Amino acid sequence: MIMEFTIQQVAGMIGGTVEGDGSLRVTMLAKIQDAKAGQIAFLANPKYEQFLYTTKASAVIINRTLELKKPVDATLIRVDDAYSSFTGLLEAYDRILSFSKTGVEEPSYIGKDSVTGSGIYRGAFSYIGQNVKIGDNVKIHPHAFIGDGCEIGDHTIIHAGVKIYPGNLIGSRCEIHAGTVIGSDGFGFAPQKDGSYKKIPQLGKVKIEDDVTIGANTVIDCATMAGDFTIVRKGVKLDNLIQIAHNVEVGSHTVIAAQTGISGSTTIGEQCMIGGQVGIAGHLNVAARTGVAGQSGVTKSIKEPGTKVMGPIAFEIGEFLKAYAVFKNRGL
Amino acid sequence: MIMEFTIQQVAGMIGGTVEGDGSLRVTMLAKIQDAKAGQIAFLANPKYEQFLYTTKASAVIINRTLELKKPVDATLIRVDDAYSSFTGLLEAYDRILSFSKTGVEEPSYIGKDSVTGSGIYRGAFSYIGQNVKIGDNVKIHPHAFIGDGCEIGDHTIIHAGVKIYPGNLIGSRCEIHAGTVIGSDGFGFAPQKDGSYKKIPQLGKVKIEDDVTIGANTVIDCATMAGDFTIVRKGVKLDNLIQIAHNVEVGSHTVIAAQTGISGSTTIGEQCMIGGQVGIAGHLNVAARTGVAGQSGVTKSIKEPGTKVMGPIAFEIGEFLKAYAVFKNRGL
Amino acid sequence: MIMEFTIQQVAGMIGGTVEGDGSLRVTMLAKIQDAKAGQIAFLANPKYEQFLYTTKASAVIINRTLELKKPVDATLIRVDDAYSSFTGLLEAYDRILSFSKTGVEEPSYIGKDSVTGSGIYRGAFSYIGQNVKIGDNVKIHPHAFIGDGCEIGDHTIIHAGVKIYPGNLIGSRCEIHAGTVIGSDGFGFAPQKDGSYKKIPQLGKVKIEDDVTIGANTVIDCATMAGDFTIVRKGVKLDNLIQIAHNVEVGSHTVIAAQTGISGSTTIGEQCMIGGQVGIAGHLNVAARTGVAGQSGVTKSIKEPGTKVMGPIAFEIGEFLKAYAVFKNRGL
């Protein structure tokens, strides 16, 4: 898909004033030092001003207040704040790109009594089971699997090869990246007298609230008991290859980096920042706004909001760094 | 799929005696404090007895010996052991649910000279190669890939998007969760004089014995030499996002938590319990019933069965915890 | 697929001299102690010579200089270096096996204006978007997803269920194992005043150079800015379940073991060896030929080529091991 606008049209979108030929067509956003003809760049940081006079971009967005020191080949779009105008264009471009696919590619599969809203995309080889409810403007990419009885809110993007087990709930404006699995069985087995293990039926579900982003190849297990949910609250951002075990609750606007694992029945508060490769043990409560350094192991509940911890059996980060300095010097 | 029984029928399944209207229909199992009309709950723990008198459940399973203190709206099913009767029902429900799909959804793919047993489910977009042998009552969910020459035993469930490379062997009564990969190449490369690496052909296979459960997005690599196997023994339980390298053997009834990695040619004994995010180096022997704490790094063989270890270069867990206490106090 | 050659033909491939019946047919390579009739083995290590006199193999490759101590049933192929002749055969066998599938299985999907070279395999349920360019002898296995505008060089193997987002570039002679995701969004979110996060559009791409091998269920995120790339250089070998964040560059012939994560904008030099479950922080430079022990956490740039580091906040490996010895002895 190519999106093509005249410079005049772009200026209109961001409330800018055109200096130069506004009828030229531009198709893509680029950095001022790399831009080519047909592209549009911006200048916000004065230390890049030199590139304004040499750029190959067809158009450059600049601040209204900037005084030119040399002639400029590119058409200029003057705005109050070049940086925020440019990021606004980026976001608009990203949104258009993300939601550009519509219609149904064949072969695809949809079971009986399933309903989809307007503006939907169902890629080839996507699978939607029975009794599924899918909102407006949802994008189901190729090889995605949406099990029987799932519900998906409006404007949600399900990338290629995502697997959502039956009966799970996904909110609106979510984005789930390729290969992620939602609703697989919790890891629950009862030891038997003969040394073997018997499966504890995992009959609960997963609920992903609105505005959640989940990276690629992450796994979120279902809750154990029927009627219970593993819950990812509003606005949570999960990176790639994360493990969220059964009955976990992740509080709203918490951010978790790649390869971290949260064990069963642990509750993470709101607005926490959890680094990559962290392990958090089961049945804990982690207070709001907790920070956990990468690779740490959290083995007990954290009660004080805003605590920052680090280490294999994590404790307060400043204390850990002091202890590690002593360790490194072999106690000297 | 809705399963609906009369209370009298449920009582018959668990050898219980009905008190009240046995003709009511129940469809789902629920906790006594959450249950709604049409659901069936249980009361085993005396501290929940209060909910017996207020529950909305249509039926409650209780112990024969329980003496009611107030009138109860729900129909009662009296049994010898309410807890084990309820978990038995849960297991039956889970089994019925897990094996309820049958038949072939189209489009699906099956190569020549492949055979499947009775009661099979082949989901839409599932792929079965040539010369594959699949037993009775096997469930192959959508987007699963079963390469040429694989064999799968009876009553095994292959969830959506599982990828099994050609020639690998899966036992009976196994369950493999979505996105897991079995039989990918071992990570073997021979350094060359110019600094580059040359692939060592990986021609062995993977053998998964009976009663093994494997979580989602886990990876099990094939053995290196033709005729050799990476082996997961009977009854092993693997969680999500685990790495099992080439030529590893995992002993029977060993349990491994999420995100752990076992390096090439290591043998893990029977009935070990290995925590999450553990790393075990290559070419080691880990004795039976070894316990490894989460995030530990095992760098040498463990000879004594029943040893428990912890730490980045793991040693005996009690010793590690003492050393960590000294570390935390900066040697004071 | 069965490959069958006469012993005479095999001898011809490796410049060997036949002793015995060269007209027998052999189909598979095996170890001398395990080989069966119809298989071909080798003897290079003198300590296995005993098996030469008892092997069931139809043919054995041996060194020209070997003097037999007893009669041998198998046909012999004498060569200058039995070990390298055998590994050459293994490689040839592996290559033939890997590239044996050709043609298009249906149903499969290919968008408009996409081109594929000669000798291609497109498995059932594989998806190729629009404007995709695919070279000669490329193998696209079932359930692979190749987004719009991707380019793939010659002789590259894309295994089952690999997901490549639109616009990414894959070199020649690469192999990407099942379930790996390439080009998912970088993990970039701007904090807002109300505690929520806003997505930073991820408009860059991924470039995988030639001769790269990537394991199963690994994830490589795209770069943030349009025109930028996350880059995996020539000859890199990545294992399973690895996380490569946005804007990372991995230098040529670097080897990274399973479950390691590299954070955003970090550059890894050439010919590094990075263990499993390592975490490397963002915005660092790691010098060429750096060695990182498994489970280490690298938190600052490494300037000296050839440095070897270890530990949760990694430092020189010898120093770490001394410090860990003191830690283990509780400072005594």
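Here are a few things to note about the model shown:
First chain written, first letter: the chains are A, B and C, and each begins at residue 1.
As a working rule, contacts are C-beta pairs under 8 Å (C-beta built on N, C-alpha and C of every residue); 3 or more make two chains touch, one makes a residue touch a chain.
Just so we're clear, the structure is a prediction, and the values are computed from it rather than from any experiment.
Using the contact threshold fixed earlier, the set of chains in contact with both chain B and chain C is A.
Counting the residue numbers that touch the partner chain, chain A and chain C have less than half of them in common. Separation between the centroids of chain A and chain C, computed from CA atoms only, is 28 Å. In chain A, 107, 125, 143, 161, 179, 217, 241, 259, 277, 295, 312, 327, 331 are the positions where the chain touches two or more neighbouring chains simultaneously.
Put simply, chain A touches chain B in their complex at residues 107, 109, 125, 127, 143, 145, 147-148, 161, 163, 165, 179, 181, 184-185, 187, 189, 195-197, 199, 201-203, 217-219, 221, 225-227, 241, 243, 245, 259, 261, 263, 277, 279, 281, 295, 297, 312-313, 315, 319, 322-323, 326-327, 331. Put simply, chain A touches chain C in their complex at residues 1, 28-31, 34, 90-91, 93-94, 97, 105, 107, 123-125, 141-143, 159-161, 175, 177-179, 211, 213, 215-217, 235, 237, 239-241, 253, 255, 257-259, 270-271, 276-277, 294-295, 311-312, 324, 327-331.
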